[in-house]
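Common to both upcoming complexes is subunit A, partnered first by subunit B, then by subunit C.
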Partner chain A sequence: MSGLLVGAILRSPHPHARIVSIDISEAEALPGVHAVIHAGNVEQRPYGYNHDNVPLKGEKVRFIGDEVAAVAAVDEETARRALELITVQYEPLPTVFDPFESLDPSSPQIHDELENVEGNVAMRWDWDHGDVAAAEAEAAAIVEGMYSAPQAAPVPIETHIVIASFDPAEHLTVWSPIHMVFMYRKELADCLGLDWEHITVIQPPVGGSFGGKIDIDPHDFITVMLARKTRRPVKLVMSREEEFIGTRTRQPIHFKLRTGADADGNLLFRDAEIVSDNGAYNGWGSHAMLVAMQTITSMYRVPASRVRCAVVYTNKNYGGSVRGFGNPQATFAVEQQMEEIADALGLDPMDVRLRNANQPGDVTPQGMQITSCGLEECLEIVREQSGWDKRRGTMRERHRGLGAAAFVHVGGGARIYRSDGCGAMVKVDDSAQVTLITGASELGQGSETVLAMIVAEEIGVPLDAVHVINSNTDVKPWDVGVHASRTTFVAGNAAKLAATKVREQLLETAVEVLGAPVDELRIVDGVVEVSGDEEKRMPLGKLMRRRLLREQGSIVMATAFYDPPTQMQKDYYGNVSAAYGFGAHVAEVEVDPGTGMVRLLNLWTAHDVGRAINPMSAEGQIEGGAAMGIGLALSEELVIFDGQIAAPNLHDYGLPTAVDVPRIVVNLVETIDPRGPFGAKGLGEAGIIPPAAAIANAVADATGIRPRAYPMRPWKVKEWLDAGERSHVARQGAADA
Partner chain B sequence: MRVELSVNGDPYRREIEPDATLLSLLRETLGLTGTKWGCETGDCGACTVLVDGEPVVSCLQLARQVDGTDVTTVEGLEVEGELGDLQAAFVRNGAAQCGFCTPGMLMSAEALLRRNEAPAEAEIREALSGNLCRCTGYSKIVDAVLEAAESRQAPVDASA
Partner chain C sequence: MEVFRPSTLDEALRLRAEHPQARPIQGGTDVMVELTFGDARPEALLDLSELAELRGFAEEDGLLRLGAGLTYTEAMQTPLASRLPALAEASRTVGSPQIRNRGTIGGNLGTASPAGDALPPLLAERAEVELASARGTRTMPLAEFLLGVKRTALAPGELVTAVRVRPCEGPQTFAKVGQRNAMVIAICSLAVVVDAEAGEVRAAFGSSAVTARCVVVPLAEAAELPERVVEAASPIDDVRATAAYRRHALRVLAARTLERCLRT
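Right after this comes the complex of A and B.
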């Protein structure tokens, strides 16, 4: 790209400070510098949920890493030197890092400019269903406790990279890995005052996202601002350190949970007080509670539930929509209490799970309509494979233990926006090449192959005849974006609908050309066959040429838009997804009582995927998700001191390596969902959800202690071992009986 | 300053900055973008290449230090325009999802197979432990390496 400049960002070194003054004159004077921007010399508007963020901060900074100024220069070295020449005067303000402190009305207010925010509570999520007090009175056993999840990061191996370029007619093209491309375009336009019909977003191959590339970030806007100012294309590459401090993280969530059950193990209630520590701004991360709440109210049949949740601001890097979106955190609490309450009642935790398992046809208290549901089967499979009945509770002498966890997660879209839809276009040309142009994006999750398989199957052509185009907003039809494990289900249904129409068009021509009635025609492997007449076979290419290359010829092409029959929740009630995925894991661990070191020996998993369209890639998604879950459970954490991420690098972060992840056993359970394309449900996030809970339960089985937080690093486990941290049983059913 | 080296069998002579890394020489000067940049601190392994057959993280290697060496990058694993056996095994086993770690994984695996023709699973995991993958959970990568090792050992078809 000729004339490409390099962008770089100056970030706040203070966790909370007022910006007193900024002097860019020296930076501007440096040869090779083409622009120096800050809040005082650009056009920008607040953006984000509740408009609590702005790309370049003018009044104050709210975490270490907040964007203050940026430069565009001829090369990286000049850009870095220019950043050093910018002088910013800050007046440090009192800080708050602990979410519970942040709740205290006397703590420093982080968003004093927002009139609709009281104290530091960005948002509340309150839910009541049934009579919790009555259920409590009835319960034979009640367990209660605190469960905490840390700040973690998605860590794609490729960092965020953005290129922005205006053409002479003011048309903006942005190359970006963000996979909510149409929303991205609108947010860019709204914040920067651009015409969104003059923006093209192109998505090059993406080196992983895991949700880290869902949110639009300040650096996206900044790259465009720099290109606008310099009239030159600008490229901005996030360094690995910036990826940790300046892109979205997984929010720490703290659960104070109580679960009650009757003497037979029937669940009676769950009662949760939750504090979500989402950091300095809302981002999408503030909405992770949507999913966390679903697990509390709807994982197993729970007659009564109560949730009180505050999402609070703190002076830290803020949360985004990382894979699992609140669910690994919630499952860590909920599934530990399933085993704790079973133990308190003297029952087997698997029996208690099966007794309360969600069933097809259930409508959960939040209005989630369960269609296909393989939860029971998944539980039975991992129970059997792990030798649960013979081994759980018998290996403590050898410091070994088994623990289980199940999950529920959206698997048929998720209506968090007015539309939950995705468009598709399918065409066939004169060579019989089939092209699918889909709204969905490929991030390495394998959607391109799955969508091509759906189209190939539906039309009746070989897989390698189908080409997929998905990377340019000028070309592709509208889509909400890749999130919530929705692509196979939503983009798959859209592709299938368009492919059905294409097949019909091809058959219409075949009726005409081959002179046979439509019910005697089939398309198999790219050839139209007439039943009972071998002679009349015709390859699709030839058929297409007969249709096209004549007077009044016509092309074969069809479009479809699939918006699943889902509801936007009102007061947290509504069928947010058209299908739900379920699954269960059992972990086997060995705990070194001397050091507290937890070694994961085995992980058996069973996932209800509806139908595995591409089994190898379904397995790969589950293995990769589970590996991330293992990372959360045992090693991953952004350790923060006084608002500073202690070691923003890959060496210290604790990403699992090939020696840390055992061979994971994956069972794909097919329940053939009534609405899924060929019965498939989404599974992209599923694998990450249960491991931390299953491993915690296994640690409890191995040692008798009860893990309260993850990652379960040796020194923390050692602390629990030394302190004798146990389950808190508020009422003991079996003992009373 | 000037470096002379061989990359994937082709001789190159280039002017470089004294502090240029081998990674920037490959990606920016020679346009061989198969080798990936993931951290620049030696932690991710995405930039792994072979220097005289030994795996090296090219982000930490100065270009001037490879003067006179023989460098192999992922582009060099192809055989006459076709995927090499290890690459093909990766494809067959679903060992690449986003593919960003794959070039580095392939080079570490290639180095392993050159010094150990029949590695055990644990040896493969050890050899790949400097290459981070966030997508796969590693098992399918290990399977691909096992499969490639096996096929290299299989007796050569006499009729070929």
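Right after this comes the complex of A and C.
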């Protein structure tokens, strides 16, 4: 790209401060610098949920890493030197990092400029269903406790990178790894005052996201502002350090949970008080409660539930929509209490799970309509494979234990926007080549292979005859984007619908050319066959040429738009997804009572995937997800001292390595969902959800202590061992009922 | 940046004297990280990786001479692994296979991190460091070579050429606590050597004071070792763990490694 400039961002070194002045004159004077921008010399509007964010901060900074100024220069070194020449005067303000302290009215107000924000509460999520008080009075056993999940990072191998370029006619093209390209275009336009019909977003192959590339971030806007100012294309690449401090993280959530059951183990209620640590702004992470709440109200049959959740601002990096989106956190609390309550009642936790398991046809209290549901089967499989019945509770002398956890997660899209749809176009021209142009995006999850398989199967052509094109908003039909494990289900259904129409068009021609009725025709492996007449076989390429290369010929092409039959939730009620995925894991650990080290020995998993269209990539997704879940459970945490991420590098950030991940047994349970393409349901996030909870339960089985937080690092486990941290049983047995 | 690539030790020592600003580099697993992060911007590098004199190890009259260029992978293999089992065990915990193939003992001494994993086993073996310059060669105990966090007694113009050890006959072992099983800087580490001839037990620990440190107790009072280790430690709270946990873990590691050694 000729004339490409390099962008770089000046970030706040203060967790909370007023910007007194900013002097860019020296930076501007540096040879090779083409633009220096800050809030005072650019056009920008607030963006984000409740408009609490702006790309370049003018009045105040709210966390270490907040964007204050940016430069575009001829090369990276010049850009970095220019940043050093910008002088910003700050007036430090009192800070608050702990979300519980932040709730205290006397705490520093992080968004004092927003009139609709009371205290530091960005939003509340309150839910009531059934009569919790009555259920409580009836309960034979009640367990209660705090469960905390830390701030973690998605850590894709490729960091964020954006290129923006205006052509002479003012048309903007942005190359970005963001996998919500159509929303991205709108947000760019709204914030920067651009015409969105003059924006093209191109998404090249993406080096991993894990949800970190769903949010539009300040650096996206900044790159466009730099290109606008310099009239040159500008590229901005995040360093690994910036990736940790300046892009979105997994938000910490603290659950104070109570679960009650009757003497037979029937669940009676769940009651949750939740504090979600938002960080400085509302990223998508502010909405992680959408999913966390589902797990509290709808994981197993729970007749009564209550949720009080405050999403609270703190002076820290803010949360995005990282894989699992609130569910590993919620499952850590909910599934520990499943084992705690079973133990309090003297029942087997697997029996209690099975007794309360969700069933096909259930409508949960939040209105989730469960179509296919393989939860029971998943539980039975991991119970059997782990030797649960013989081994749980018997290995404490050897410091070994077994623990289980199940999950529910959207598997048929998630209507968080007015449409949850995806478009598809399929065409065949004079060769037998089939092209699918999909609205969906590939981020390494293998969706293009699966979409090609769906189209190949539906039309009747070999897999390698199908080309998949995505990546350009000028070309591809509209799609919400990749999130919520929705691509196989939603984009797959759209592709399948378009492919069906294409097959019908091909058969129309075949009827004409081969002179056989349509019910005697089949397309197999790219060849049209006539039943009972071997002679009349015709390859699709030839058929296409017969259709096309004549007077008034025509191509074969069809479009489809699939929007799942779901509802926007109102007051947290509504069927957000057209299908739900279920699964169960059992972990086996050995705990070193001296050092507190937890070693994961085995992980058995069973996932209801509807249908495994591509079993190898389905297993890969589940294994990869489980490996991430193991990282959350045992080692991943952004350690923060006074608002500063202490070690923003891959050496200290505890990603699990090959030797930390044992063999993961994956069982694919096929329930053939009535709405999924060929019965498939989404599974992209699933694997990450249960490991932390299952491992915590295994640690409890091995030691008798009850983990209160993850990651379960050696020193923390040692603390619990020393303190004798136990399950808090508020009521046990039928004695005081 | 200029890179000198001497092919003999003499040439290296001459270049070292002529270009004091040139940074020695062996496997580069510490130096390259510093360059990448911009923590160091040396004007020149003095590449020692071609020097045959620094490679491998040799034994003469029971005295082992480990070349400064000895890699962890080499230290993990027989026959060296059976002569210095604690060093071999420590080497197995270093980084990843790639790092163990490149990283060297000399580099670990050069960096002198309190977390250097080669240091406790060598300290517990009372290793001596061989230092050479254009002026000649001298040796000093490793314990005196390590001055502080990333500070050593290396004089201007000097290079570490080898580590000399006379392995004692008794059992020895190494243990490390970290937040995961590989690619991990020790939360704390400890090597124990039972020296029957001298009638003493020595334990050296890492990541719990400004340098790796060694503690000695008479064999008859071996049971005191864990307590003595904890007394000698002065750990801090950091990203990886708390000081209190480090003290605790050192006590556990000392008791355990001691038991392992005395049982055999």
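Here, the second predicted complex is superposed on the first by the 733 of 737 C-alpha atoms of A that agree within 3 Å, B and C clash if a C-alpha of one lies under 4 Å from a C-alpha of the other, contacts with A are read in each partner's own complex, and residues count from 1 in each chain.
Keep this in mind: a contact is a pair of C-beta atoms (placed from the backbone, for glycine too) under 8 Å apart; a residue touches a chain by one contact, two chains touch by 3 or more.
Given the structure is predicted, the values throughout are model-derived calculations rather than measurements.
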First (subunit B), second (subunit C), both or neither: which does A:Gly207 touch?
-> first
Of subunit B and subunit C, which one touches more of subunit A's residues?
-> B
Which of subunit B and subunit C A:Lys570 touches, first, second, both or neither = neither
When the two structures are overlaid on chain A, which partner does A:Gly446 contact: first (subunit B), second (subunit C), both, or neither?
-> first
After superposition on the shared chain, which partner residues are touched by A:Ala647: those of subunit B (first), subunit C (second), both, or neither?
-> second
Tell me which partner A:Gly594 touches in the superposition: subunit B (first), subunit C (second), both or neither.
-> second
Figure out whether A:Thr657 sits in contact with subunit B (first) or subunit C (second), or with both, or with neither.
-> both
Now for A:Arg713: first (subunit B), second (subunit C), both, or neither, which partner does it touch?
-> second
For A:Val639, select first, second, both or neither according to whether it touches subunit B, subunit C, the two together, or no partner.
-> second
Subunit A positions within both the subunit B interface and the subunit C interface are 651, 657-659
Complex contacts: residues of subunit B adjacent to subunit A = 36, 38-41, 43-44, 46, 93-94, 97-101, 122, 124-126, 128-142
Using the touch rule from the top, collect the residues of subunit C that touch subunit A in their complex.
-> 96, 177, 179-183, 185, 187, 238-242, 245, 248-249, 252-253, 255-256
Please give the residue numbers of subunit A that touch subunit B in the complex, ascending.
-> 154-159, 205-208, 210, 239-240, 443-446, 616-617, 619-621, 623-628, 649-651, 655, 657-659, 661, 663-664
Taking the complex as given, what residues does subunit A use to touch subunit C?
-> 594-597, 599, 634-635, 639, 646-647, 651-652, 654, 656-660, 711, 713-715, 718-719
